[in-house]
Amino acid sequence: MLKVEHLTKMFGGLAAVNDVSVDFGANQINAIIGPNGAGKSTFFNLISGVYQPTSGKILLDGQDVTTMRCDHVAKLGVGRTFQTTNLFETATVLDNLIVGYRLRTRSGLWDVLINSKRLQAEERAAREKAREALDFVGLNHAENRYIADCTQEERKRVAFALALATDPKIVLLDEPAAGVNPEETEGLADLMKKMVRNGLTVCLIEHKMDMIMGIADKIMVLDHGEKIAEGTPSEVKNNPVVIEAYLGSDHDAAA
Amino acid sequence: MMFKLGALLMHPASKYVLLALALLFPALAVNEYQVYVMATAFIWAIAVYGFNVITGYCGQLNLAHGGFFAIGAYTVGLLTSDYGWGFWSSFLAALVLTGVLGFLVGAISLRLKEHYFAIFTLCVGFIIYLLLDKWEELTHGAVGVRNIAAPEGFGLVNFRETVPVYYLVLFFLVFIIWFTSRIQKSLLGRTFIAIRNGDDLAESLGINLMKTKILAFIISTVYAGLAGALYAGMIRFVGPEDGNVLHTFNMIMYMLVGGIGTLFGPLIGTISIVWLTQSLQFLEEYRMIIFGPMLVLLVIFFPLGVAGSFLTWMHRKAQALGLGAKKVQTESKVKSSGQEANNNA
Amino acid sequence: EEVNIGFSGPLSGGAALYGENVLSGLRMAAEEINANGGFDIDGENHTINIVALDDQYSPAQAATNAKRLVQESDVPAIFIPHSGGIFALMDFNVEDDFLVMAYTSVPTITEQGNPLTVRIPPTFDGYVKAFTDYAIENWGTKLAMGGATHEYAKIWASMIEKAWTAKGGEVVAKNPMDYNKSADFFTGVSRLVASEPDVMFVGGASEPTGLVMQQARQLGYEGAFIMMDQAKISEAANVVGGLEPLEDTVGVMPLSVYETDAAQNFIKRYEEKYGKAPGSEAAFNYLALHGLVEAMDEAESTDPTVVRAALSDAIANLKASKNPYEVIGVDEKGGFITSPTMAVVKDGEIVEKEF
Amino acid sequence: MTIFLQQVFNGLTLGSIYGLVALGLTLVYGILHIPNFAHGALYMVGAFMSYFFMVDMGVHYWVAMAGSAVVVAVLGIICERLVFHQLRNAPPIHDKIAAIGILLFLEAMVHMFWGSDFRRMSSPFGGVVNLDGVFLREQGILIIASTVVLVVALNLFLRKTMVGATIIAMAQNREGAFLVGIDANRVAMMTFAISGALAAIAATLYAPLNLVYPAMGHIVIMKAFVIIIIGGMGSIPGAIVGGMIIGFAEAFGGYYISTAYKDVIAFSLLVVILSIRPQGLFAKGAH
Amino acid sequence: MLQLKNVDVHYGSFKALNNISLTVDTGGLVVLLGANGAGKSTLFNTISGLNKPSAGNIEFEDKILNGMKPSAIVNAGVVQCAEGRQLFPQMSVHDNLMLGAYVHRRDKDGNRKRLNEVLELFPILEEKAHQPAGSLSGGQQQMVAIGRAMMSRPRLLMLDEPSLGLAPLVVKQMFETIKQINSLGTTVLLAEQNAFAALKIATYAYVMENGQLVMDGDRETMLGNEEVRKAYIGA
């Protein structure tokens, strides 16, 4: 599904991502973990086209997307959420979502002027798509609420829905459960599983190990921009390098 | 009670009432001067609608806006007075030219962000002003352009008279509002708003930032050019002061007072401030002593402007009353669902 | 009953001083008229009321103001002191039926044949020739142009350039400067001085003009100056600290140097009222309003066309105290008829020269 | 060569003034993120206060300058307290509008008290030094020297004193500043005070070469904005270098190209510089 | 020493803290446990005056803290070393530390003495004194942050997840240091995810969930409690 080869990103002298190669399979939950500043968000930004890599290759379903711009990558089916959610506070949930389908539509200024058939059809489709996404994340009761009046967890769900409204094949979720309480975190975990059941591929950055270990099919561990491990949760959990760099040795301390 | 009144205001029919009022205004006005001022206010409102597209919807504070207004006015002025063109052909030329220049300026300036963009465009606006003032071979410099042709009328309609010009301007204003509302409701408008919320998010939704921003920029400059062209046809004299940066600041003020990013904000703001300025005239040089602090109080206590505050209040109230926003036609920011029927009508 | 007289001019912003000066003359005249019990139209007593609106030098705003003055205050005449606004008003003053009392020396104003426009000050073409002749004869043939950049100064400059070369002189440098907005003239003036002219043309508002001249002297310039009529020698002297730096300057005769009783009397009254010396803006508009009222009185009407027809005689008959510039009438194009004057600074004194 | 040196001197004089005005502007922007359009009005008020102290109260030039600096500093503080502090959580466009409101108000107030006459203020340094054909105005020399002194003093204040350090701390990390017990209000007021005082000093230095009138701040503030953008918003060396660039562009452009177009040259320079370096010459980090 | 009574905090309509009452005794080392988002940082920020409580009372040595400005609270002796460090990135390490002593800026000698103590605690900072703080590694930055807080001479030092993002070895050292600071007479309130390590040095502990305190007790009780072990320490 998503294949990355020798990906490197330099910021000045700093290698934020350093020679990372990985292959994320379709229709599963792939997690990326690592200490703060390990390069996880940068990795996502590279895939989604926000940054251009210094070297290396990114393949999406075999297609080379390495140098593509952000919006182009999104059209190819990469949806994402951000570490900090930025929604339109004084508009309703539904209104925030409708624009998500924009990339699948083609009407322009001229269509607006003559109110073309195409525009009408596309607007209807966008609205339907938004409702569908809202339904998926379980928020249809809140469609007319202002974002400003939503709870933290509802905002996260809206952000998910927005990514889903773009009709993606793969979604990149950057710390979706940060600032969300454990119970709600489980809700979000269920949601991710549901996405996979519906044929999506999920890539996930998270610091909440309970959640990661519970739902991830595959984990990649970054540290100082380098991949230091990858594998199933149980493999990673017991990898001494990972324990050293990230998980910390509870055993050590407990001993 | 208040809420019911508000709901009445938001009823779709109220815009026809508004239109009827505007059509009857020359008959209701005490004298021609009031019609004249109203026509000027409408012209400014058209320009402010443009401002609202790029700044209110798309979130880019373009301080060169007044400059494009002046370019529109000068295009008509110079073509009709120096090159013998008719008004309407010059009018078209003004739209095209402001559009093309909008594209060029936008392509350079929109690479900058936030304050940098604002101040960069401030300087572009100032350069436009300086060129109007200094490039004598083309613009007549400080002397300005005289003998500008009035819009050619038809039959008994003579656009050198105030009332016909009023209707002409009103026609364009209504068209602009209608067009803007179409943009606002459409996916295109939502795209603009997505960009205002943040470049990163918009881009991740597959929106081509540069293309969309430039489009918004061009729409705004063409509005400004249209307003400028009408201005030249109505006043029939333009000078470099028409490109003064102060006009841009005035337009910001109109927009903020009315409600930035709302459909009727520009109209409300422009009409009320233009009339307020006229009625404070008796204070002569001291009116800024009142006007300045008023502006400050306004942004502190009514940051959303008249229309913005009203719409937010209505929405909250509707939610609180459990009506659900579907029943309330929110004209604000992004359209709500009940609007579809209207769209197709 | 009251007759409203309109005024539209800059009362705020950079040019506010100028507008206020004009207005002060009008107000003074109106108060004098009212204090004397007003005037009669068909046996009915009338007083004068000045309605002043700010237009910040903007032609569009001036047009709006004019509409308002005509329709809300029913004014038969509007005083307006800037050519942009004047042109804007001349576009509809006949249709809307009001007199434009234009305070500008731009000659084209009265050449358009607008029957309801009156030009108050003399046109400057007379000055141009006289100044040019005097300067070439007395000081030399090399001229450096350092006038201001506003419309009025531009027209002046182009005329003097023509006159100068026609007379066999040579223009050695051209460097107009923005007198109202510039932060510093030193660079611009140094460019003029470097061309080693005999005579330097300067002029905009009096104060910056004084500054330009002072900086020329500071840069070692020892030649002469031609000063555009907008600037007044006496006011410029206040800025540079005396007449000494202005040695060898030809310009218009400042009001204060007029020896006539009428002028001196006006100056005294103005100083008492406003606490400062009047400029020509105040004096000209003062006498223009007196003339206008006199015309209404004589014509027994406020109808603009009628008043315009009576204006020439009315002004000719004005009492000397109301006519500091001794204007003797209005020509058929609408220009006030005055005898222009010329003054030269010689040995630290202002000396009147024959035209 | 003399002409060249003459323009160098003119450029330095102009650049110094622009730099001083821009310094106050960039300080407020860098620390409080307010593009203060009213800064030009503070400059203008500074000139009028000095005029008032010198001409009406008859005090010495230096005393007038000090007095004016204090008054305008207080005025800056008042603006901060009454207006910008209230708007600290509002979107940036509101700051700009409020600043315009302040500008209109201050101009009208000055107009009310002093009228719109051009006024002339002299200084004890009216002479001209003739250096082999290059004419140096004493006031110009004073301006350049004062700018050097002020910039050095400001730098020492910011780098070497605790109070100065709090200002820098605020600029770098507001939250962090609170955590070590820095009073944000105090820093904001101090920043406005310094900025106002700099404007007043610049105005007092420059007024003797120029005229004092209510609209005198307009063109200066436009240029100051150009300068801080060229220099990078919030950068102190940027403000000075930017000031010099504009000063020299005007002096040389005005002399060798055209005085009428000197402002066009200055502003076009900005467009060119920003097209090449969108973040300005000295910007640290992204804003 | 510090006492919170029935404190509520809202973010908009979201209630982040719900009826919190808690006591920190002089000389104690109190640990606050809780999952991500439980409200620990919110609580700290409320004590520091960065958040305003919508109800309740915060008392510190007879002073009422709620309503006081953040700077006044630091002056009163309550200092926080916040999550995310909040350093001044372009300033040197030395300047960062000295700004910590801002509230004691007149006592130059005292500050110098204190600086020496801090440098003794973190010798590496002496080497890096003139480097911009932003260029240090995460662990070193954490030391600067703690050092800066120490420079304020707090009587109550609040540390919000000081081990965040630090390698285990550094973490171990850091807990040692905290213990040392405490034994030198500074009262400490510590929020930690690393529950076991924290509890080992604690005198008392609270557990927080969803903005509420759900359990408290001294070190032995907590270490012995099955639920705590299960939820926060792991098997």
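The first chain written gets the first letter, and so on, giving A, B, C, D and E; residue counts start at 1 in each chain.
Following the convention adopted for this analysis, contacts are C-beta pairs under 8 Å (C-beta built on N, C-alpha and C of every residue); 3 or more make two chains touch, one makes a residue touch a chain.
Computed from a prediction, not measured in an experiment: that's the story for all the values here.
Visitor: What is the graph distance from subunit A to subunit C, where chains are linked when they touch?
Guide: 2
Visitor: Please identify which chain has its centre, taken as the mean of its CA atoms, farthest from the centre of subunit E.
Guide: Farthest by centroid: C.
Visitor: Nearest whole angstrom, what separates the Cα centre of subunit A from the Cα centre of subunit D?
Guide: 47
Visitor: What is the distance in Å between the mean C-alpha positions of subunit C and subunit E?
Guide: That gives a centre separation of 76 Å.
Visitor: Centre to centre, by mean C-alpha position, how many angstrom separate subunit C and subunit D?
Guide: Roughly 36 Å, centre to centre.
Visitor: Just curious, how far off is subunit E from subunit A if you go by their C-alpha centres, in Å?
Guide: The computed centroid separation for subunit A versus subunit E comes out at 33 Å.
Visitor: Find every residue in subunit C that makes contact with two or more other chains and list them.
Guide: Residues 12, 16, 20, 149 of subunit C touch two or more partner chains.
Visitor: I need the residues of subunit A touching at least two other chains; which ones are they?
Guide: 149
Visitor: Would you pick out the residues of subunit D that each touch at least 2 other chains?
Guide: In subunit D, residues 107-108, 111, 116, 260, 263 touch at least two other chains, as defined above.
Visitor: Which pairs of chains touch one another in this structure?
Guide: Result of the pairwise touch check is A-B, A-E, B-C, B-D, C-D, D-E.
Visitor: Can you list the residues on subunit E that touch subunit A in the complex?
Guide: Residues of subunit E touching subunit A: 12-14, 35-38, 138, 164-165, 167-168, 171-172, 194, 196-197, 209-210, 233-234.
Visitor: Within the complex, which stretch of subunit C touches subunit B?
Guide: So the residues of subunit C touching subunit B come out as 11-12, 16, 20, 52-54, 57-60, 63-65, 67-68, 70-72, 84, 87-88, 91-92, 149-151, 154-155.
Visitor: Which residues of subunit C touch subunit D in their complex?
Guide: For subunit C paired with subunit D, touching residues are 12-14, 16-17, 20, 149, 175-178, 180-184, 186-188, 190-191, 194, 205-208, 210-211, 218-220, 238-239, 241.
Visitor: Enumerate the contact residues on subunit B facing subunit C in the complex.
Guide: Of all residues in subunit B, those touching subunit C are 31-33, 36-37, 40, 133-134, 136, 141-144, 146, 160, 162, 231, 235-239, 241-242, 278, 281, 284-285, 287-288.
Visitor: Once bound in the complex, which stretches of subunit D touch subunit B?
Guide: Those in contact with subunit B are residues 29, 35, 82-83, 86-87, 90-94, 96-98, 100-109, 111-112, 116, 222, 225-226, 229, 233, 260-261, 263-264, 267-268, 270-271, 274-275, 278-280, 287.
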